[in-house]
Every structure is written in C-alpha cells, then in structure tokens.
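The two complexes that follow have chain A in common; it is paired with chain B in the first and with chain C in the second.
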Partner chain A sequence: MQNELKLNFDKIISLNNFSDSQKKIKQENFNNYFEKGLPNKRNEDWKFSDINQIISKNFDNLNFIVDQKKFFEEKDFPLDFEHNKISFVDGKLYDFDFKHEDKDKILVDQNLDLDDTIYQNTLLNLNSAFLTSVSKITIKKGYNVKKPLILFNYLSDGLKSSAINSRVDINLEDESSLCLVNFLNENSEKNFINFRQKIKIGENSILKNYNLDSYTSENIKYFNKDINLSKNSHLEYFILSEGSKFIKQDINCNLDDEYGSIALNGIINLENEKHHEIKTVINHKKENCKSYQLIKSVLNDKSKGIYQGKIFVSPEAQKTDGYQLSRALLLNESVEFNAKPELEIYADDVKCSHGSTSGNIDENSIFYLMSRGLSYSESKKLLTNGFLNEVIEKISNEDVKRLVKKLSGINV
Partner chain B sequence: MLSIENLKAKIDEKEILKGLNLNIKPGEVHAIMGPNGSGKSTLSNILSGKKGYEINGKVTFDGENLLELETEERAHKGIFLAFQYPMEIPGVNTNTFLKTSINAIKKARGEKELDAIEFLKLIKEKSAELKFDEKILNRQLNVGFSGGEKKKNEILQMSILNPKLSILDETDSGLDIDALRIVSEGVNSLRNKNNSFLIITHYQRLLDYIKPDFVHVLKNGQIIKSGDFELAKELEKVGYEDFN
Partner chain C sequence: MDSRQKEIDSLKDYKYGFSTDIENTKAPKGLNEDVIKFISNIKKEPQWMLDFRLKAFERFKQLKEPDWQKPKYPKIDYQDLYYYSAPKSMKDKPKSLDDLDPKLLETYKKLGIPLQEQARLNGIAVDAVFDSVSVATTFKEELTKQGIIFCSMSEAIQKHPELVKKYLGSVIPTTDHFFATLNSAVFTDGSFVYIPENVKCPMELSTYFRINASETGQFERTLIIADKGSYVSYLEGCTAPMRDENQLHAANVELIALDDAEIKYSTVQNWYPGDKDGKGGIYNFVTKRGLCKGKNSKISWTQVETGSAITWKYPSCILKGDNSIGEFYSIAITNNHQKADTGTKMIHLGKNTKSKIISKGISAGKSDMMYRGLVDISSKADNSRNFTQCDSLLMGNKCGAHTIPYIKNKNLKSNIEHEATTSKISDEQLYYCNQRGLNQEEAVSLIVNGFCKEVLQQLPMEFAVEAQKLVGISLEGSVG
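Now for the complex of A and B:
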C-alpha cells in the first residue's frame, strides 16, 4: 500500500494549488506518517484498538484521492425540530443553511490554514497531508445561536475503499453559545474516515456538542477532537457510539483558564462484532475548573468496547474537581470491555476520583420484571435501556434528547 | 385454584421445602407464618417461577401444571408476587414500566392493550384508592423510594394487574402503621369471590387488618399446623420456638 500512497500524495500536491509553506507542512506530515505508519497496539494510546491491523484487515487498498462527485441522496433523518445545517460531502464543505440566525453573526469559510505542528499521532499526519481544505465556523462575540446546528457528513454515491480526510475548526468568540450536533451517519459502506475537529470556546461561552454515530455501517472511523476552553466557559459533550463497525473518538479537552467546566457523557451500545473506543484527556491547567465524565457501555454478541479516560491536573490547577465513572454491562461471555482510568495530579488541593465497574445483567432484576409479565428478552432490553437512559437524560437540549432517543431506540 | 402436593425444593444441595401441601380455592385468603429460614420466601419464589431450585412434587394452578410455565406465563395467567425486596430499576420510568407490564399481560391474554389515555385514567383511579402520590410514578422504578414507598408500589401494581392469585412475601416488614393500613386496604379492596391471596408473614399485625380465612404454620420446610385466624393469635403468644 505504501507506494500507492506516495503516488496518491504526489498527485494531491500536483493537482492543487498549495502555497510553498502549505506544501512544506504537508510534506513533513506525510514523511512522518510514511516513516512510522499507522498506530498499532505497541503504542500505549492504541493498545486496545490496533488501527493498523483493523485497516489492513478491512481494506486491500485504500484510495486517498476522492473526487467530489456530488451525487448523494439526502437521507430522511428523523429531525422534527428547527435546525441550522452544514453539509459536507466526502469531507469537504458542500452547503450550509442558517435560516434561523442573524447572517452576519456566523461565518462559514474554507481555506487551507494548517497548523505548522508536525503531529506525533500519525493519523493526524495523514489528515494534514491529504486535506485539501479546512472548514471554519465562527460564532461572533456575544451571539447565541438560536437553533441547533447540525453537521451532516455525506459521501459520494458508490464510494468505497476510500480514505476521507476532513477537518473543521470552530471558534466560539466570547459570550457566545452554540448547540452543535455532529451527525456521524454516512450514507456509505466501507470507507476509512479520518475526521478532525478543533474547537475554541471563548470566555463566558457555552458549547453543547452532541456526537451521534448510530446508523449501522461498515465504515472504519477515527474522530479526533481538540477543545480549548477559555475563562468561565462551559462544555456539555455527549457521545452516542453504536453504529459504525469501528470508531475511535479521541477527545482532548484543555481547561486553559479559570472557572471552566466540562460535562462529558457517553454511551457505547454494541452488537455483532463492532469495536468502539472512547478516549478522553481532560487537562486541568488553571484553578477552579470542574470536569465530570460518565460513560456507560452495553456489549452484546462479540463486540468490544473501550474507555480510556485521563484527568491531568497541573501544579497551578488548585481547587480542581475532576470525576470520571465508567460502567459496563457485558451481556455474554464473548464480549470484551477495557477501561483504563488515569489520574495524573500535580496540585494538592483537588477533588478527583475515578471508578469503573463491569458486570452481568442482574438476574434478580430480570426475575422481577418477568414476574410482571415481560419475557426474558423484553426484561433484558428494558434493563439495558434503563441503564443507558440515565446518560441520555443528562442531555440538556430537549430536541436533541428526543433525537437521541429516536436514533438509539432507547425510550423508557 | 392452587394446589400444592408434596412440594420439595433444594438449592445448592440444601433441602428447604420438605413435602409441603396446600390448597387454595377461589376467594380464599391464606396466611403462612413461620420463623426465619423456614422456607417462606422459597415457596413464593417457586410459585412465581424463580430459577435455581431443584423441585419435586406437584403444583397446579387452575388445573395446569404450574412448574412447567415460565415466570412471565405465570404472570399472564394471573399470579402476582409482591416482593419482599422490590428491585430498583435505574433509568426506567415507573409509569413506563407499569404500562409495559399491563400491556404485556393483556397482549398475552389476547385482550386489547391500553392506550396512553386509558392507562393514565387507570393509574389515577388506583393511586387515589391507595393514597399513593402520583408524582412518584414519574420517578425511576423504585430508585430512591423509601421502604414503605416500595411496598406501596408493589400493592399498586397488584391492584392495577388485578391478579387471580396474589402472593405477598413479607410485605409488612419494615412498614409503619399507616403504610400497613394502606397495604391491607389494597388487599381488602381486591378481595372478591374469584381472587385469592397467599400472605407470607412473620407477625400477626398485618393479619389483624386482613383477617385471613386460613392460617398455616411453616416450620422446617413443612406446614405443621393449619387453622383459622385464632391460630395466628396463639402463635403470637407462644412463639415459633415452642410451637409444635
């Protein structure tokens, strides 16, 4: 695959009109990738999800040049509420509609301003090397976006064995707010999707970000996210992880200034041979910040779920509250769940905790429900749905909560 | 209605019921009293189909071999167990659960399922009868309920499902006097010529309100004596230890 990849890269460079500095950044990222290859399980961060093996198992060959064909069907998504939207096709900005908003308060743009960092994570090298544009969304200072913004990701009809690289940068200026839904339900089978989002939340601003992967697909996905929180800003983050064959969501949150807070909750709900990972790093850099994480998993058939969560507290970050909890229900013997909680604390006046439980469904609870007329499978379903519903109930946007209940079928 | 002949039950090689006989006819209220470890809860578990017991003997319900039926089939046929320790079911709204339960039973019986409005009407009516705070029904099932609220919730379920045979497994334990009265009223309001009750208890107290037709003493896995309500009074005086 390597030679092919090099040809693909050269082609990307020759087909596009990149500036010299862009070419340089791309080349360096590409070189780093070319030298090291995809991450594998020898890398601690990829211990439970050997993406190198997963890619080679699923694809004979990956095509990195994707021509935007624009032939795609808008799916009939169950959206019964007013919303704004931005559509991406094959990772590139296609269309947007902010009919509910003040037009001059939201900017949507696309360019190719790449960071000059050469990443250590070779998937990010790959992303930088093959990107042809970065989409940028800015919410102007003091503006509260009225309706949820949904980011739809479409793929061209018939696209397969392709690597899609996409990057969206979102900037919430000070005193603004946004409800952002990442709709990770592509209309395709079997592609490798490498998403990256970089978000900055300004002072006194609020971002609610819901990330929904719910439609069954053969796609292999990596979703990398960097979120920086300014002073007194708040992030509500939610993950529904159940659709793709493989997805790893790699979320790095930086509490860059005082009084920032994060509530990060997620569900991993798997069947068949799906393999999903959520990995979080919460970086407490300054005083008086709070972070709460709750991840619940239900695993069935031969599925595999992973939660790696790290809370880092720097010496300056006194009065930190940092909590995380992982709970998993393992419905049979052939599933696998790995939890790796980590606390790294360099300040002395902090409240931090982590907890992880995994176990079977409680047979006494099943008996209780069956004695009320429910069959074994109905009882099991009600118990697992209730278990997961506790996380869904934490969603503060009622429209999105209803959407999540519809998509997941969890309604108890 | 219910006939138990020479019922023996073992769990983990330990024999708990050692040949129990009991007949309950429609409309009758039977109380089983006995000390800790006599097999009272085992009996109620076996009647409602809990797994894990090695069972011998014959149990029929309306002429049908009860032991061959799954737990939910027994519920469909009209057996209800009010649990000694009702399970907490996190994340499941109590109302949603009640509706799922009653409609599962109606469906199995080939009856029309209740729609949202019919269900709410039924719930309102029954909650009022049992002086049950409806607000509690919007909370997660039994989660954070007090001991009394859990037991009252069991009685509410019983009254909604209107079973032929209700088994109350130490429903009186941990109840204050007011709750005890509400539970008793719940039972008494369901009493009619078709509905039967099997009330398992340690104490006479609940029976003062319910006035059972028959009282049985269970000791060492067998019913050692049967009688009327007077037997309960005698037991209370003598104690289980010396009762023979």
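Now for the complex of A and C:
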C-alpha cells in the first residue's frame, strides 16, 4: 500500500497547478505521514479506536484520487423548513444556494491556502497532502444569517475504496450569527472519509453547529474540527452519531478570549457492529469562560461507544466554569463502552467537575411501565427515548430539533 | 506561643532528614548478572530464588523504561546505583534486639518507631527495613502462637520456601512492567506475612522503611497472604534522609486474599520530598497489587502520600473471586516542586464484585498532582458495581490538578459511577475560621483535614493521628 500511496501523491502533485510553497507544505505533510503511518492504539488519543487496524481490516487498497464531478443529481432530503445549502460531492464544492439571504454578506470561495503547520496528527497530514482545494465560507461583520445553512455531503454512485479528503474553513466575523448543519448524508459503498473543518467565531458572534450522522453507511470516517472562539462569543454544538460503520469525531475548541461559552451535547445511538467515538478538548485560555458538555450513549447488539473528553484550564483562566457529563446505557451483553473524562487544571479559582456513569436500564422503571400495560420492548423503547431526548431538547433551533427527532426516530 | 511556634518550626521542615553513620556492606555498583548473584549469594538463597531473579533480569533487559507518565524526570542511570546496601553489623546476624548496632537503634528512636518496650506498650508488631535489609521484627513469639508468620522476606525464603515459592510473583509476575521486573531481579528484603485459616490477626502489623545510604536504590518486596477466613491489618511507613541527589525506590507489594479473607493495607508515605527548589528527593515508583483470589474476599488500600519528589504508583485490586470487594482510599498532597501521578486500578473479573475509590488530591506551591485510574469491568463480571469519587483542591495558581479516569464497561448488568470536582479553599471558609480566632494556617489545616476526613477515617488509630499532623505540616506556608 505504501508504494501505491506514493504514486498517488506524485500524481496529485503533477495533475494540479500547485505553487511552489504549496508543494513544499504538501510534501512535508506527506513525508510526516509516510514516516509515521496511521495512528494506532499505542497512541493515547487512539487507545480505544485503533484506526490503523480498522483501515487495514476494511480496505485492501485505497484510491486517493477522485475526479471532480461535472454533473451530479442531488437526492431529495425530506427537509420541511426553509434553508440555505451548500453541496459537496466527493469532498469537493459542487453547488450553493443562498436564496433567503443578502448575497453580499456571505462569501463562498475555493482556494488552496494551507497553513504551514506540520501537524503531529498524521490524519491531518494526510488531509493536507491530498487536498486539492479548501472551501471557505465567510459571514460578514454584523450579519445574522436568517435561515439554517445546510452542508450536504454526497458521494458519487459506485465510488468505493476511495479516500476522500476534504476541508471547509468557516469564518464568522464580529457580531454575526449562523446556524450550520453538517449533514453527513453520503450513502454509498465502503470509503474512507477524512473530513476537516476549521471555524473561527468573531467577537459577540453566535454559531450553532449541528452535526448529523444518521444515514446508515459502510463508510469509515474521521471528522476533525478546530473551533476558535473570540471574546463574548457562543458556540452551541450538537452531535448525532448513529449512521456510519465507524466514525471518530475529534473536536477541539479554544476559548481564546474572555467570556466565551460553549455548550457541547451529543448522542451516540448504535446498533449492529458500529463503532463510534467522540473526543473533545475544551481549552480554557482566558478568564470567565464557560463550557458545558453532555454526552449520552445507547448501545445495542455488538456496538462499541467511546467518549474521551478533556477540559484544560490554563493558569490565566481564573473563574472558569467547566462541566462534563457522560452517561451510557448498555443494552446487550456484547456491547462495550469506554470513557475517559479528563480534567487538566492549572488555575485555582475555578469550578470544574465531571461525571460518568454506565449501566443498564433500571428494571424498576420497566416494571412500572409494564404494570401500566406496555410490553417489555415498548417500555424499553420509551425509556431509552426519554434518556436521549434530554439531549435533543437542548437544541435551540426548533426546525433542527424537529429534524433530529425525525432522523433518530425519537418522538416523545 | 513560643513553645507552639517552636513545635511548628521543628515540624515544618522534613524532620526525618538525618542520616546515620553506619558502616554498610554494599554490592558493587551497577546492574548485571554478577550483582544479582552477589545479592542472592549473600542472602544464602536457594537456587530457585536465583532462577526467579535471573528470569526477571532477562525480561528486564528487553524492556524499555515507560515514558507516558506526566511527571518527567531526568534519565536514571541504572548502572550507577548500588543495588544492595546492608548495615555491616548485620553480617553476623543479631540474635536479639540487644545485639543490634546501638546507632541503628538510635536511628529508629529518632524516627519514633517503637522497637522495644515501646512496641510492647503500643501493641504493634514492627518489622523495620533499613536501606535494603530487614533489621528487626518485634512481637514474634506472640504471633507465632497463633500460627501467624511475620518475618523478613529473606527469612521467609529460608524457612517457608513452599509458601514463598507458591505465591511470590503470582500477582506481579516476573514478566510485568519495567520497574516491577527490576524489583523482581534485585529485590533485597521486605516483609512476609502469612495468616493461617480463620485467624484474625490480634494486632496491627507494621513495617518501617528507611533509605539511609546514598546512591542506593531501595527495592523491597512485601508479600502478604491471608488464608481462608482470616483478617489482617498492615501498616507501612517510610522516611529517608535529606540528600541532594534523587534516589530511586521501586518496591513491589503483593497481597493475596483467599476465600472470605480480608486484608487492610495502610501506607503513610513520607519519603524526603526534595528541598524548596525541587532539588533531591525520592522517586517513589512502587508497584502494589492485590488479588482477591477467593470468594467474598476483600482488599482495602489506604494511602496518605505526602513525601517523595515524584510519586508514581497505582495500588490495584484484581477482583477475581465472586462477591469480592476492592477499596481504595487515598490522600495525596504535593507542595513545592513535588509531583504525583497516582490512582488505582480496579479490575472486575468475578461476579457481584464491588469496588469503591475515594481519592483526595491537594496541590500547593509549584507542584503537580494527578489522579489516574482504571475501572475495568469484564464481560463475565455480572452485577458488578463501581463508585469513584475524586476531588482535588488547588492552592495558588502555580500548581496543577489533573484527573484522568479510564472507564471500561463490557457488561450490561454492571454499573459504573464516576464523579470528580476541582475547587479551592474559598475566602468565605477562611474568613469564617479567622473570625473564630484561628490563624490562617490553622484554618487551612482544619479545612484540609475536613476535606480528607473520609479517607483519614479509614486509617488505624495510631496512624490517623500522625497522618492528620502530616497533612497540616505538608501545607505549612502554602497559603497567604
């Protein structure tokens, strides 16, 4: 596979008109990846999901070159509310539509401005090395985007054993707001998707970001997010993790200035042999910031759920308020749930706590419901739905909340 | 006031920081097969024991020093250490306490260890380990009457080889991690305890460890076996003289509890922590592991960690027998430049097993304190439960407090609960105490003792008083 990879990389370089500096960055990233390979379980961050093993088990060979589609027929998705959209096909920008908005206030662009950091995470090396373009979305200063913006991610039919690398940079300028939905709706044969988003939230701005992975697919996904928050900005983040065969969502939030706040909530709802991981790092860098995390998991059949969360508080970040809670329901003998909720604190005037529980459904509650005429499976369903609904109710956008309930089949 | 101040001053600094001039017999510096043979030879060990050591050494040579821990330390040159150091007077083994080197007895007196009459009054059986060898065991006769074996490891190898052979290395095998294998290869002495069936040990057993000679590593090995239906409470205390260089302490402790047996193991660790600028001090890299082998057995660890430049240990319980219970109570205090990476592992293998973890971490000065723990419930451990609580207290903004729990659950009938908080002593609390006439330091000591109360309660009486004092002393001058 190594030689093929090198050939693929050389081909990418020769087919595109990269500038010399771009070539250099790409080459360095590629070398780092080539040297170290994919992370395995000896790497602390990948302790519970050995991606090296997962990739080699699922793919004999990966194809890194995917041609840009000229024409693609978008499937209809049952969205019953007005929205703006951007669609990506095979990781590349395909089409966008902002019919509800002031066109001057939103910029969508495509170029290849790579940052020249050489990452330690080899999956990011891989991403930088094989990217042919970065999609950029900018919301102008003072503009509040009226309708939710949905990012559709399609894969073309018949695509298989391909590695899709994609990157979207989003910049919210000061005093702006955006409701962004990442719709991981690709529905195709087995592929490896390495998807990266870099988001900057300006002063006094609000970002609501919902990440919905609910369509059953055989794809193996790595989803990396870097979010930087400026002064007095707010991030509402939601994850619905239930569709893909494997997905690891790696979320890094930096509270770069005072009074920033983050509410990060997520659901892992799995069946069959799915393996999902959510890993979060909340970096409190300045005073008076808040972060709140709630992750709930329901595991069926032979699935495996993982939550790794970390709250980091630097010495300057006094008056930090950090909270983290992970709860899991194990519904089958063969499931596995691993959690690693971490606190790393260097400031003394802080309020930080975390909690983690895992266990089965309370038999007394089932008994209560059954004595009122429900069957065993109905009672179980009702209780798990109620368990997950607590997280869904935290979604502040009503349209998206309705969508999430529909997708996850929870109608309470 | 004056006398109180004097007492504080005398307590403030590390009061065990003297070294005693005693002639030592040392093995040649360095680590190789010859040194291991030398140690084995000088202790007149049987062949199987030497084989055990050499096997461990073979394994050790293949292992790499771990580097995943948070407190980093300069590389240790394992060839530049003495692996055996014994007070010379031990060469002709003393028949009774009266034959001991008076200087040695004086040292223990300074440490406040009741070796002779004091021991009788206090009713604690003591085994004292000086540098590498066990020098005296008190109360032997009374214990022997009940069939309890409490002696040094070397003696046990000579007199009770069948027990040692059967259990040594059964919890910490010779193929374990880096420091454990090093210990298996070069361990010099330690305590051995065997409690026969259905015997409740009538008194607390206690060991005192002291590192005296410079450039020595201390590698003792403790083995405690509680046979069916028995009970034992074991105490361990540690001190070392002040020295500029860092010294390595890599002990192994193995506990085995058979059916219905209970072992309670308490440690007050007060190794020299280094001076205010972080120079010198002990590296405390200890492997402690308990095996609840039989049904309904129970192992309980209680530790008060105030000393050492770096503490790096995870007293663990393997809950193999059905209905077995593991407990871990810990107070870890770091001040100045001390660093601690400590916690526990609870491995649930049997059905209906329970474990409870209470950890209190306090960091002050420029220190770093870390709780790292593992709770692992295997797929066969039906109806198991774990409860974990780790609280950290920070004093000042130059120190750090970290919590890294690893939680693995493979069993749907089991429950795991974990909670952790980090906070500081609030101004209101201090103000309230000041108002009632306590000065700043008394107030801090009071509040911290209250914070640790859950753990302090678990300690046997004799230790609880000492530990409470130690908690206060360790934090002197850290607030204000």
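By definition in this document, the second predicted complex is superposed on the first by the 407 of 412 C-alpha atoms of A that agree within 3 Å, B and C clash if a C-alpha of one lies under 4 Å from a C-alpha of the other, contacts with A are read in each partner's own complex, and residues count from 1 in each chain.
FYI, a contact is a pair of C-beta atoms (placed from the backbone, for glycine too) under 8 Å apart; a residue touches a chain by one contact, two chains touch by 3 or more.
Just so it is clear, the structure is predicted and the values come from calculations on it, not from any experiment.
Q: Looking at chain A, does chain B or chain C touch a larger number of its residues?
A: C
Q: Tell me which partner A:Glu342 touches in the superposition: chain B (first), chain C (second), both or neither.
A: In the superposition, A:Glu342 contacts chain C only.
Q: Return first, second, both or neither, reflecting whether A:Ile13 touches chain B, chain C, both chains, or no partner chain.
A: neither
Q: Return first, second, both or neither, reflecting whether A:Asn332 touches chain B, chain C, both chains, or no partner chain.
A: A:Asn332 sits against chain C, while chain B stays out of touch.
Q: Taking the superposition on A as described, I'd like to know which of chain B and chain C A:Ile55 touches: first, second, both or neither.
A: Neither chain B nor chain C is touched by A:Ile55.
Q: For A:Glu390, is the partner it touches chain B (first), chain C (second), both, or none of the two (neither)?
A: A:Glu390 contacts chain B only, not chain C.
Q: Pick one for A:Ala263: touches chain B only (first), chain C only (second), both, or neither.
A: Neither: A:Ala263 stays clear of chain B and chain C.
Q: Could you tell me if A:Leu79 is touching chain B, chain C, both of them or neither one (first, second, both, neither)?
A: neither
Q: Across the two complexes, what residues of chain A are contacted by chain B and by chain C?
A: Common to the two interfaces on chain A: nothing.
Q: Which residues of chain A touch chain C in their complex?
A: Counting only chain A, the residues touching chain C are 44, 315, 318, 328, 330-360.
Q: Quick one: in the complex, what on chain C touches chain A?
A: The contact residues of chain C facing chain A are 68, 379, 392, 394-424.
Q: Once bound in the complex, which stretches of chain A touch chain B?
A: Chain A residues touching chain B: 362-365, 367-376, 378, 382-383, 385-390, 393, 412.
Q: Where on chain B does chain A make contact in their complex?
A: Chain B reaches chain A through residues 48-51, 70-72, 74-76, 80-81, 83, 86-87, 89-93, 96-97, 100-102, 104-105, 108, 140-141, 157, 161.
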